[in-house]
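Same chain, two partners: chain A is paired with chain B first, then with chain C.
Then we have the complex of A and B:
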């Protein structure tokens, strides 16, 4: 039946945000390949490394996390994980890392190929597993590693001391890249990039905030796809324009009373954690078939960077979700739950991501209490399909729905 | 009005027929869960005992891991909701239900009328589930039912500390080889399941009264160890294994009225 639906699907509208965003995400890969083909140096870059740096320098980079998600979503996760496990990497290590390290070895995965790197850019503001992963890439491929260390922040604000420590490293990274690639930093170009990044982020955050409308004008799973552009291209003009189109579409949907959530929205939840890419259809259908719309997730919010100058940009990178303490993380999520009228919380206990999943047990308990919503968690993995059970997921989601249903009936 | 609840689990199938959502007319239990002859046997058994036919049922609800593949049921509900309803019917004062099944362990927190407030389930690991007890009984070469009776008469419990079923299996084998008393081993195994379950209960909050449902409720060793861990008495009904099926029949009644 799905075949039939596919056949009758109208061609995508080239003016739609979905089409534009899809093109930008694909172009990030083809641009990098084209740069490689021209003989220019290409980098592999961690998702929360300040993308403004390579963008301002005019350097093409690709994002191994994004590539690994693509490979996993297209069914290649287990194959690549097994390759790195055979090389001695424990299957307790993040599956993005295992996939990326396997790719660095075999240099071919039809699910998502990328040009091989001439340098790697790493920032540990999301986790420290990243450091070893990039160090190994650097050793195996015999290429330079440029590393920015952003420590975990136990406070609410970014101190002047932390700012000075991080800022010096940003400049050091810029100078290393200049020396390595011959490209030159331009303040004027940086201001332009900052401008686009701000525009893209503002539109993205405003679009995700449309979930405050009931029903929400979009299916939260859309955000997971569109987010690729936020990760890889937020400093580009086309990205700013596409995100503004997305915002307009969501506002229009709300006006017209339509939504990209193609079912009656009976319940609204927040989803916690990275998507289960190998089981994306199963996890999204499990929700949609029960009228549950995942309207919000901190994961999407995390990539909206708004700042006014270089210092402020450094601060923004010190405040990404995994770099901040439990209380601040909790408060951000509570705000999302309240702003978007969330009725339940579904937590992905992601076997890959120890840091994120580790503090979720306590944080989700506190969120549930503060917002008076049920909290349900399921075991899974963002990229290793072997860590997920469909039946167990289904029981938990149904249980969550039944609690929300009973609460409504009791009102 | 008659309603039927069908609970298709991983190792057993259970059915219950209720009159007006309250009075139990018949119940059945057959070995064999999803994908076996168990569900059909349980269904035939319950209808025969009740002296009724499927057509006499105003509504039929299925629950358990096989719930989505039950042709006879017009509706389905998760085992969480059904165990909550079944436990509440047996013990109206219950606020916390502990269900240790073959595949998973669940703790359900209730508000009045058997309504589920929240729940917590085990993670992907088999330790702390009924499967762990099955594996250990076979290591000791004793019937599953004997684990509990041996545990309660043990003078002390051997420490079974591994959190992984496979590791715990090796641990038990070496204890056995070292001549540790079988009763003490059985007590250690039951305490290990109770310890993991207690952690789930504590995360959700220990709100009395607490009851156990599912097959492991019959294991006195696990129950006693869990009582000690939680510091609360645990209510157990002889029908604990049928709570899911009874709850499904109540669910069907609620939906039909």
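Then we have the complex of A and C:
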């Protein structure tokens, strides 16, 4: 979270969405610690592992990716990365993984502590790097690894074969967890979780769609913070309520003509990629100071997990970003750009993420062409502060702004 | 033919994949490229097509940068570079599996970078041992066959797969035997050994088996050369001339390898029993000990230590492909296991754009000095 933004704002209203969402994210950690203290098994869980499974089983889990982002945002990224590097991990490896593997070793980081796990839950629909990271966690900590493989889908639609394979693994994972923890799956509880997940997702989609208003009633950087709840807690009642509050606030903002973007909105862009957590203030200020509002990101679409039954849920997990081909990835983004009147695309070429950045050049060319908008990229990293240049970022954003400005003048 | 004459034949093929491609096409055969790390070549072969490995080349990257950021491995980048330069023209399709993130990306970029050669995906399951994984593999094969038929006009008949499996199992056995025999022949250089393995990617497997069988016969008659320092090589590739030259210069011999482009290909035969496609699916299910295959027990780590011990190697030379996530995650664990087993290990970062081998030289020189002290 940006210190600058904090400094200039009053303490959040406890009835506000921001406060509620922050509480949910913080409570996930404290609940897991409380479960650990009670002697219950606690898991470390990949961000796109089906959260419905631990939620229905009543298992406490924490998310190493969120933890790594938190550590990086609070300035601990380089310190932990260097610990892993000293153990022989290449600095080319994902910085979240390096931070997490370092934490597994030292078991303490004041920026964001988590209880140590009794099992790990992995899902590779975000990347195969996740498999290697969790294999190593499992081996180093000598704890069971439960893995759901959701293959990268080269096709536009999810095939019956993929669905059957993924569904069988969901049940396999459930049965393994039942055996491991003694908890029991309940269809009734699952229906409840599914209901909350649907409510949360519908509110999220509607809230993020408020970016269609000009000016947008929110600063897109808000989404980077709120998405943590969408990833980890969308099956909870409190998450549904908080997201509905967020939607109401955004609609109210629009009615009142105000926004959480605290500047005049001169330009509207889509931001592509994971946030540069160690440089959040710099990346945010670089935009805001020029009147550029990042009105949308793929996260707006990605976490709309609306499904009608178990099969449909499996299919939804096969369609998350990074598990889908270039054409579907592109079309989702084109829709976001068009729906939200985007005037430029700013791409974070994220050193930590080979999959996300790997076909971004071609995809962003196609998006730029289809939407007739300029595309500019910058080099950065989601958690290793050493892989970002403030000067390069500034120059690139300035360039993007100048193109958008020239286009406005020519209209 | 002498052993050296046999080896020269392999070297000529290994150095000239373009010539091989031309040769296959001139014979009226259609060629299908196969990208790393595992593709079901048997299916391609059974359709009367020639599978040819496409693992990139040692070269400067230029146009591939239009598609890839700098931090993707030079294997996938050089495959696209070669494709864009027209090196694969004449091939009917390329099969790219999605066993690592960079390979997933390769497939997506290929469609736009090299539109003249159709991309055919091969999606393997990572949770590969349960029965339901076999169904998924079979669905992947069906899709592969459909795409191959569309791209080449060839027709798949399952009965012919039986014969292709036999050809590939024979080749696997020949290559395993070769690796074992070469360990006892230090006069065969690391560069020559590499050429035998590399040539397999460019030849009809039945023909390659015949050549290897002849080489084995010649080796049985040959005088064994003076002893060298036996090592195990591990990594994705070990074919960089700069590296094999250094292994030879410092007196190493490859006692066994755990290289993805070499022996990892030949460890697992297609089992007997059942319909051919199902047998082939069971082959993939039985594969193990490779950085791109899900390995919750990290058996790959113990495999390398065991391989070194069983082959009498004195050290492990890890040729770590720069930006290869799967290998980079395994490297610290392998190092730790080698240390625990009292086995010296050097980790040399390699790259298909490598021009300066100074660091590799220093490391191998130091290893030689350590082992001979």
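In this section, the second predicted complex is superposed on the first by the 401 of 411 C-alpha atoms of A that agree within 3 Å, B and C clash if a C-alpha of one lies under 4 Å from a C-alpha of the other, contacts with A are read in each partner's own complex, and residues count from 1 in each chain.
Heads up, the rule we're going with is that contacts are C-beta pairs under 8 Å (C-beta built on N, C-alpha and C of every residue); 3 or more make two chains touch, one makes a residue touch a chain.
The structure displayed is predicted, hence computed values, not measured ones.
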Output check: A:375 vs chain B and chain C. Expected answer is one of first, second, both, neither. What do you get? first
Between chain B and chain C, whom does A:410 touch in the aligned arrangement: first, second, both, or neither? first
Once the shared chain is lined up, is A:361 touching chain B (first), chain C (second), both, or neither of them? both
Any idea whether chain B or chain C touches more of chain A? C
Using the superposition on chain A described above, determine whether A:349 touches chain B (first), chain C (second), both, or neither. both
Who does A:402 touch here: chain B (first), chain C (second), both, or neither? first
Looking at the overlay, does A:159 come into contact with chain B only (first), chain C only (second), both, or neither? second
Once chain A of both complexes is superposed, is A:392 in touch with chain B (first), chain C (second), both, or neither? first
What part of chain A is shared between its chain B contacts and its chain C contacts? 349, 351, 361
Any idea which chain A residues touch chain B in the complex? 349, 351, 361, 365, 368, 374-377, 379, 387, 389, 391-392, 394-396, 398-399, 402-403, 406, 410
Spell out the residues on chain A that touch chain C in their complex, using ranges where they run on. 87-90, 92-94, 97, 124, 127-129, 131-133, 135-136, 138-139, 145, 147-149, 151-155, 159-162, 164-165, 168-169, 172, 325-326, 349, 351, 354-355, 357-362
Quick one: which bits of chain C touch chain A in the complex? Just the residue numbers, please. 66-69, 71-72, 98-102, 104-105, 107-109, 111-113, 121, 123-127, 130, 132-133, 135-136, 139-140, 143, 291-292, 294-298, 320, 322-323, 325-326, 328-333, 335-336, 347
Quick check on the complex: what are the chain B residues that touch chain A? 65, 68, 77-81, 103-104, 115-121, 123-124, 203
